[in-house]
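All remarks here apply to the structure that follows.
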Amino acid sequence: MPYIHVRLAGELTREQKKQIVEEMTCTMERIAGKPREYVIVNFDETREENWGWGGQLLDELE
Amino acid sequence: MPYIHVRLAGELTREQKKQIVEEMTCTMERIAGKPREYVIVNFDETREENWGWGGQLLDELE
Amino acid sequence: MPYIHVRLAGELTREQKKQIVEEMTCTMERIAGKPREYVIVNFDETREENWGWGGQLLDELE
Amino acid sequence: MPYIHVRLAGELTREQKKQIVEEMTCTMERIAGKPREYVIVNFDETREENWGWGGQLLDELE
Amino acid sequence: MPYIHVRLAGELTREQKKQIVEEMTCTMERIAGKPREYVIVNFDETREENWGWGGQLLDELE
Amino acid sequence: MPYIHVRLAGELTREQKKQIVEEMTCTMERIAGKPREYVIVNFDETREENWGWGGQLLDELE
């Protein structure tokens, strides 16, 4: 029952999400021995200004 | 202090959220013995393409 | 694909978890129209001192 | 590696986020002894109707 | 700033975690174009009885 | 209703948690204008080997 939550700054295309789901599912199947029908992935796309790192907002850092 | 986070594909109406909050609060009160003023529920409504299951995006599965 | 995360202070018995899973699954099925085989529940049992509310630790409040 | 997730009802301005990131990073550095370049903060701004407390939606309570 | 949270039933060895971190970091770098020093992975290992699926506890299903 | 989740590598003493709760609650009250009785903090203390950063486990980095 791995539940994988991917929270990131910015957005992904549908195609990127599809490939990431495929690869992460394979990773959990191959390395952790989890059946693929148990692997759930969930994406959370958020704005850069919603992230802080080292005391600064991410959009100040880049 | 139960904090219940409900993350789902698609959207709920305000009325559905209201009923789910009522029922989940009762469930925690009755079964887990938690005072209802301690029960917090939070909804996270996300797009179908933001979910993967069994290696595929949810919008391919349905 | 509702994923329900229940984070609470203290512990639940296996029987309590079982009943909560049954009820929350029914709630999502009945009110939100989600097929029950899509409903996932996950419990996170944590110590009282790991919660703060209103500026105090939960174990000071009770 | 503290990862701090702040989920709240309503929205914050960019300036508020910036100040909260600064203060929370200092808090973790000063009290927990964590290097500031390890402190990550992430904001999740959600609608009031997406919160339930004590069996009611937050927008009924206020 | 992808933050990847992997919550799973059961435990992983340190070696499995190491390989999963390597692969998921590559996935985010290659497909989403994220610099690898921005990719954070966090594992949460929980008991089987802390998961419900389709209205039953996971340890009843397997 | 800010809910603040602090996930970190290693452990904190009860005194550290108490001070962090006080400071984060003040931060949310002062900067975001949230009533303190709405501020919830939750700590999640996890092992170093449960974190990956930049493709390596955290215990390899330090």
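The letters A, B, C, D, E and F name the chains in turn, as written, and every chain counts its residues from 1.
In this text, a residue touches a chain if its C-beta (ideal position, glycine included) is under 8 Å from a C-beta of that chain, and two chains touch if they have at least 3 such contacts.
It should be emphasised that the depicted structure is a prediction, and the values quoted were computed from it without experimental measurement.
Trainee: Looking at the contacts, which chains touch chain B and chain E alike?
Mentor: Output, common partners of chain B and chain E: A, C, D, F.
Trainee: Name the pair in D-E, B-F or B-D that forms the same interface as A-D; by residue number, over half of the contact pairs must coincide.
Mentor: Repeat interface, by the over-half criterion: B-D.
Trainee: For chain B versus chain C, which are copies of one sequence, does the interface use mostly the same residue numbers on each side, meaning over half shared, or is it different?
Mentor: same
Trainee: Once you count every C-beta pair in contact for both, which comes out on top, B-F or B-D?
Mentor: Output for the comparison: B-D.
Trainee: Centroid of chain A to centroid of chain C, CA atoms only: how many Å?
Mentor: Centre separation, chain A to chain C: 24 Å.
Trainee: At what distance in angstrom does the C-alpha mean of chain F lie from that of chain D?
Mentor: 10
Trainee: What's the distance between the Cα centroids of chain C and chain E, rounded to whole Å?
Mentor: The answer is 20 Å.
Trainee: Quick one: which residues in chain A touch 2 or more of the other chains?
Mentor: Residue numbers touching two or more other chains: 1, 3, 7, 20, 24, 40, 42, 44, 51, 53.
Trainee: Each pair of chains that touch: what are they?
Mentor: Touching chain pairs, listed by label, are A-B, A-C, A-D, A-E, B-C, B-D, B-F, C-E, C-F, D-E, D-F, E-F.
Trainee: Which residues of chain D touch chain A in the complex?
Mentor: 14, 17-18, 20-22, 24-26, 36-45
Trainee: If we count contacts the way the header does, which residues on chain C are in touch with chain F in the complex?
Mentor: Residues 7, 44, 46, 49-57 of chain C touch chain F in their complex.
Trainee: Show me the residue ranges of chain A that touch chain C in the complex, using the header's touch definition.
Mentor: Where chain A meets chain C, its residues are 1, 3, 40, 42.
Trainee: Please name which positions on chain B make contact with chain C in the complex.
Mentor: So the residues of chain B touching chain C come out as 1-9, 12, 16, 19-20, 23-24, 27-28, 31-32, 34, 51, 53, 58.
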